[in-house]
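Consider the two complexes below, in which subunit A is the common component and subunit B and subunit C are the respective partners.
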Partner chain A sequence: MLFNSYDFFFLFLPAVFAIYWGLRERKKQNLFLLAASWLFYGSWDWRFLSLLVFSTGVDFLCGLRIHAQADDALRRRWLYLSLAVNLGVLGFFKYFGFFTQSAAQVFQALGLPLKPPILDILLPVGLSFYTLKAMSYVVDVYRRKIAPESDPTAFALFIAFFPQLVAGPIERAQKLLPQIQSERRMRLESFYEGGWLVLWGVFKKVVVADNLARGVNRVFDSSGPVPGPELVIAIFSFTLQLYCDFSGYSDIACGLGRFFGFELSWNFERPFFSRTIQGFFRRWHTSLFEWFKDYVYLPLCGDGVGLAHRLAALLLTTGLIGLWHGARWSYVQWGVFNGVCLALLFWTRSWRISMKQNGIFPVDGSFYRVQEHLTALFFLFVSMFLFRVHSLEQAFSLSGGLLHWDWSRRAKAEALILGVLLIPLLWQEVREERSKDRFAALRGGVLPRALWYLFLLYAVVIFGEEHAREYVYYQF
Partner chain B sequence: MSIINSKLPWAALACVLCAAGIETGLRLRFPWTCVGLEALRNSLPSRKQFAVEAASYEAALREYKGGGIVLVGGSDLREGVDTILLKELLGGKEVRVFGMTGQDPLDTLDQNDYFTDRRPDLLIVMSCREGFYRGYMPRRLKYFLGVKGLRVLLETAHPRELFKMRKDMLDGLLGAVVFSLRYRETIRESLYARWGFRPRGSKEHGKGTAREDCWLHPLLEAQKAAFEREALEMQRRGVPLMVVESPRRSDVLSGYPAEVSADYRAFSERMSHDHGLRWIAQEEMPAFNEKDFGDPRHLSERGCEKFTRYLGSILMGSSFRRTSESRSLLDSGFRRGDGE
Partner chain C sequence: MKKTSGTKGAAKDIEEMLCCGVAKALALPVETIDPYAPLERWELDSVEVMYLAGQVEKRLGRPVEPSILWGKMSLRALARELTRA
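Here is the complex of A and B:
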C-alpha cells in the first residue's frame, strides 16, 4: 500500500484515523496502531510480516536480556545475537545473490569456475530501514544510553509505526519510544502542520518526481550514448526526482505522524542550499547518515587515531552506505566516490583554513560563496549520476554523449518540464530556507496562502500520475 | 510549538471555497465553450484534440433541451457519425451526438435519467464488443459512475472483483463530483499539446489487438446488467431505443475471440427478443473496406460519410421495431423529411 495510492488515502488512513482517535486510552491506541501498521506492512506480502514480527521479537528479547545481565561478556553475547540475527536477515534477503555472484566472478578470474546457488529471493520492503532501527535500539541499550522497553506492544510499534516503516526516517528509540509511552492529545495545529506536510509531500512525489521519472528512465535505461543536453538534463532531473521522491515520502511520513500525535525526525533539510559537500550530507537523508556516523564511523575511528585511520574509516563507512542502498557495485562506487570527496576535504581542511586566514581566498565575497556552492552542486550531480547508472561501463558509455552537443526537440521538452517543475519547488524551498522555518507556508496573508494551497491541490489533481508510482527508496 | 494557536485555518478554508467555486464554474457551459474554441485554434488536428472532445461533450450536455434523435456512445460514435449530414438526410430533424472515448454501459447507465427526462424521439446507442468485454473503466471517460452504476456493480460483481477495482470505483465516484479530476487527462494533454510537445505516454486510438482488448471479463455481467437496466428504463419511460454496432475493420473483427463473438451475439438476440430492441449488427451494414477506417476502430472521413448515410437510410425507413409507448417518430419528422 503506497502513500500515494487511493487505498491508502481514501480507505486505510481515514479508517485508522477515526478508530485511533475514537479509542481514548493510550494502550488501546498503541495496540490498534500496531495492528494497523502490521496490516499496512502485510498488504505487500504477508510473508514479509512474519519476518518483521520475528525480528521485532528477537530485538525485544535481546534488549531485555542485555539490560538484565551484569556481566559484560554476557551482555556482549546478547548484543552479538541480536546483531547476527539482524545482519543475517539483511544479508540473506538483500545480499545473498550479490555476494555469491561476486565470489563466483572472483573465482572465475582466478581460473576456478564456480557455479553459485541461485535463489530467487524477494527483498522484503523496508527491511533495510527497520533493521537499522532495531539495531540502533539494541546497541543503545548495550551502551546504557537507554533503558530497554518492557512493553512489547510499545516496542513493536516503535519498529513498525506505519508512516516510517518502509522508508524511514530511521527513528532512534530515544525519540520515538517516549512519544509512544506518553498520552497523546488531538491538537488542531498538529493537523494543520500535518496537512501541509502531506500536501507538500504529495505534490513533490506525484507532480515533480513522477513527471520527471519517465524522461530520466528513458535516458538511463538506454545502453548507448545519448546527446549531451539530454544526458545533462537527465542528471539534473534525476537529482531532483530522487530528492522530491524521497523527501516527499519523508514529508508525508512526518505529516501522518502529526495526525496521530507523533513528531518524527526531519530527514531532509533543503540540501541544495548547502554550500559544501559535507553540508549536503548533513541535510540529505539525515537519519541514515547520522546512523552510520554513530554506529559505524565513530566506533571505527575510536579515540586518538591518526589521519590515515580516520580516512580509512570514512571510506569504509561511505562504502557501506553505498552498499546499504542496494546489492550492486555501482552503489558501492557511489559511496566510495562520496567518501573520496569527503576525505579530500577532510585531508585539506587545515591547508584550506590557513589559506583563508592568510587572505588568499576572499571568503566573505559573494563570488567565493557562489563558486563554493557551484562546486558542491557539481560534485553532487556527478555523485547522483554514479548513483543512477547501472554500472561503470554504462557511466562511460553514457558520458560519451557529452561530446555530441545537439539540442534535440526532446531535450528542449525535457528542459521545459524540468524548468516548470523547478519553479514551485524553488519558491517554497527558498521561503523555508530564508526563514529557517519548515512551516513557512502556514504563515503570511490568508489570500496568498489560499492561492498557494489551491495551486498545489490542482497541480496534484491534474498533473498527478493516475497510477501510483512506487517510491524509489522502497527498493532499498 | 504552537503554530496557529488553534485558530481556524482561514487559508485552507478559503482554498476549499475557491476549489468549490472552480468546480461549480466548470459545470457551466461557458468554460467548455472557451476550451473548445481554444482547442480549435490549436494547429493540431481537432479530431485528436482531447479538449475538443471534452468541450463538445460537456457543451452538448448543456445545450440539449429535448426531442430529436440522440446518439450515445464512445469515440467511434464521435468520429463515425457526421451530425450535419445526418441532420440533412433526416430533413432537418434535430440530431445530438454524445460520443466520448471509452463509454460503456456502466458509464451510460448513470446518464440515463438525463436523456429520458428530455424525452428524445429516438435514442441510438452505439455498441461494440469492447464496451462489454474489456476490463472496466477505460482510461479517459470513466467518471459517470453514480449510484445506479454502483448498485449494478454491487449486485452483479463478485466481491473479489469489487475489491480488485476499488481504486477505479473510488476514482470514478470522485470524478463524478470533481470535474477537474474527471478531465485531468484532457486538461493535461491539451496543455502539453499547447506547449509544443507530444503528450508523453499517450497512445493512439485502437492500437491494441482485438484479442488483447476483449475477453470474457469478470465484469461482463455487470456491463450486461447495466445495459439491460438502461433498456428497461427507456422502455418504461417510452423512449424508443435502437442499438447500432460500431463498424470495425476486418482484422479487428476476425481477431475477436470466438467465445466473445458468440456471447455478444446471444446477448444482442436476447435483448431484441425480450425488449423489442432493434439491434443492427455490422453484417447488416454495407461492407467497409480499409480506406473507410482511420485506424482499426475508428472510421475515416470516407467511412464516416458511408456510415452516416447508412444510418440515415435506416432511420428514414421503418425497419426498426418501436416499443408500444414510443411516439410516432416516423410518421412525423422522418416522413416529413423524406417527403421534402
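Here is the complex of A and C:
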C-alpha cells in the first residue's frame, strides 16, 4: 500500500484515523496503531511481516537483557547478539547476491572459476530503515543513554509506526518512545499542519517527481551517449525528482504523524539553499546521515585525532552510506565520491581559511556567496549523476554526449517541463527558507492561502499519474 | 548590575574557550579567529563540534545542542546566547 494510492488515502487512513481517536485510551490507541501498522506492512507481503515481528522481538529482549546485566561482558554479549541478528538479516536479504557475485568475479579474475549459489531473494520493503532504527535503540540502551522499553506494544509500535516504517525518517527512541508513552490529544492546529504537509508532500511526489521521472528514465536507461543538453537536463531533473520524491514522502510521513498526535523528525531542511557541500549533507536525509555520524563515524574516529585517521573514518563511513542505499558498486562509488570531496575540503580547510583571513580569497559579498553556492550545486549534480547511473561504464558512456551540444526538440521540451515544475517548488521553498518556518503556507491572508491550496489540489488531480508510482527510496 | 557583569564575564569565558577550541581544531593562531565571523565559516566537523559542545556543557553544567556550532551565529553571539539562558 503506497502513501500516494487511493486505497491508502480513501480507505486505510480514514478508517484508522476514526477508530484511533474513537478509542481515547492511550494503551488501546497504541495497540490499535500497532495492529494497523502491521496490517499496512503485511499488505506488501505477509512474510515481510513475520521478519519485522522477529526483529522486533529480538531487539526488545536484548534491550531488557542489556539493562538487567551488571557485568559489562554480559551486556556486550547481548549487544552483539542484537547486532548480529540485525546485520545478519540485512546482509542476507539485501547483500547476499551482491557479495557472492562480487566474490565470484574476484575468483574468476584470479583464474579460479566459482559458481555462487543463486538465491532469488526478495528484499523486504523498509528493511534498511527499521533495522537502523532498532540498532540505534539497542546501542543507546547499551551506552546507557536510554532505559529500555518494558511495554512490548509500545516498543513494537516504535519500530513499526506506519507513517515512517517503510522509508523513514529513521526515528530515535529518545524522540518517539516518550510520545508513544504519553497521552495524545486532538489539536486542531496539528490537523492543519498535518494536512498541509500531506498536501505539499503529495504535490511534490505526484506532480513534480513522477512527471520528471519519465524523461529521466529515458536518458538513464539508454546505454549510448545522449546529446549534451538532454543529459544535463536529465541530471537536473533527476536531482529534483529524487528530492521531491523522498522529501515528499517524508513530509507525508510527518503530516500523518501529526494526524495521530506525533511529531516526527524532519528529514530535509531545504538542502538546495545550502552554500557549502558539508551543509548540504546536514540538510539532506538528515536522519540517515545523523545515524551514520553517531553510530559509525564518531565511534570510528574514537580518540584518534590524527588527520589520516579522521579521513579514513570519513571515507569508510561515506562508502557504507553508499552501500546502505543498495547492493550495487555504483552506490559505493557514489558514497566514496562524496567522501573524497568532503575529505579534500577537510584536508584543505586550514589553508583555505588562512587565505580568506589574509584577504587572498574574498569572504563576503554577493559574488562570493553566488560562487560558493554554484560550487556546492555543481558537486551535487555530479554526485546525483553518479547515484543514478547503473555503473561507471555507463557514466563514461553517457558523459560522451557532453561533446555533442545539440538542442533537440526533445531537450527543449524536457527543459520546459523542468522549468514549469520548478516554479511552484521554488515559490514555496523560498518562502520557507526566508521565514525559517516550515508552515509559512499556513500564514497570511485567507484568499492567497485558499488559492494556493486549490492550485496544489488541482495540480495533483490534473497532472498526477493515474497509477501510483512507487517511491524511489522504497527500493532501499 | 552585579548579575549583568557576572553574565558578561561568563560569556567572555565561553567565547575565549570557543575561540581556543576553533583555533586548535584549525591549527591556526587563536588571534586569527574572529569572534564576529559566522560559525559556519570555520567548517567544523562532527568530532570537533561534539568536543566543543562537551567542553561548553562541562562549563555551563547543562546540555548543549552540538548543531548550534554549525549555524550562522558568531562565536560572540553564541557565547552570549548560551550564558543568557
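Worth a mention:
Note that in this section the second predicted complex is superposed on the first by the 475 of 476 C-alpha atoms of A that agree within 3 Å, B and C clash if a C-alpha of one lies under 4 Å from a C-alpha of the other, contacts with A are read in each partner's own complex, and residues count from 1 in each chain.
Operating definition for what follows: a contact is a pair of C-beta atoms (placed from the backbone, for glycine too) under 8 Å apart; a residue touches a chain by one contact, two chains touch by 3 or more.
Here the structure is a predicted model, which is why all the values come from computation and not from measurement.
In the superposed pair of complexes, A:Arg282 makes contact with subunit C only, with no contact to subunit B. When the shared chain is aligned, subunit B comes close enough to touch A:Glu189, but subunit C does not. Residue by residue along subunit A, subunit B and subunit C are tallied for touches, and B comes out ahead. When the two complexes are overlaid on their common chain A, residue A:Glu171 makes contact with neither subunit B nor subunit C. Contacts of A:Phe346 after superposition on the shared chain: subunit C is touched, whereas subunit B is not. Look at A:Glu230: by the touch rule set out above, it reaches neither subunit B nor subunit C. Look at A:Phe439: by the touch rule set out above, it reaches subunit B but stays clear of subunit C. According to the touch criterion, subunit A has no shared surface contacted by subunit B in one complex and subunit C in the other. Note for the complex: subunit B touches subunit A at residues 2-6, 9-12, 14-15, 18-19, 22, 139, 166-167, 170-171, 178, 180-181, 184-185, 187-188, 195-197, 200-201.
Residues 5-7, 10-11, 187-189, 192-193, 195, 214, 409, 413, 416, 439, 442, 446-447, 449-451, 453-454, 457-458, 461-464, 466 of subunit A touch subunit B in their complex. For subunit C in complex with subunit A, the touching residues are 26-28, 32, 34, 37, 40-43, 45-47, 50, 67, 70. Interface of subunit A with subunit C (complex): residues 275-276, 278-279, 282, 293, 297-298, 301, 305, 310, 345-346, 349-350, 353-354, 356-357, 363.
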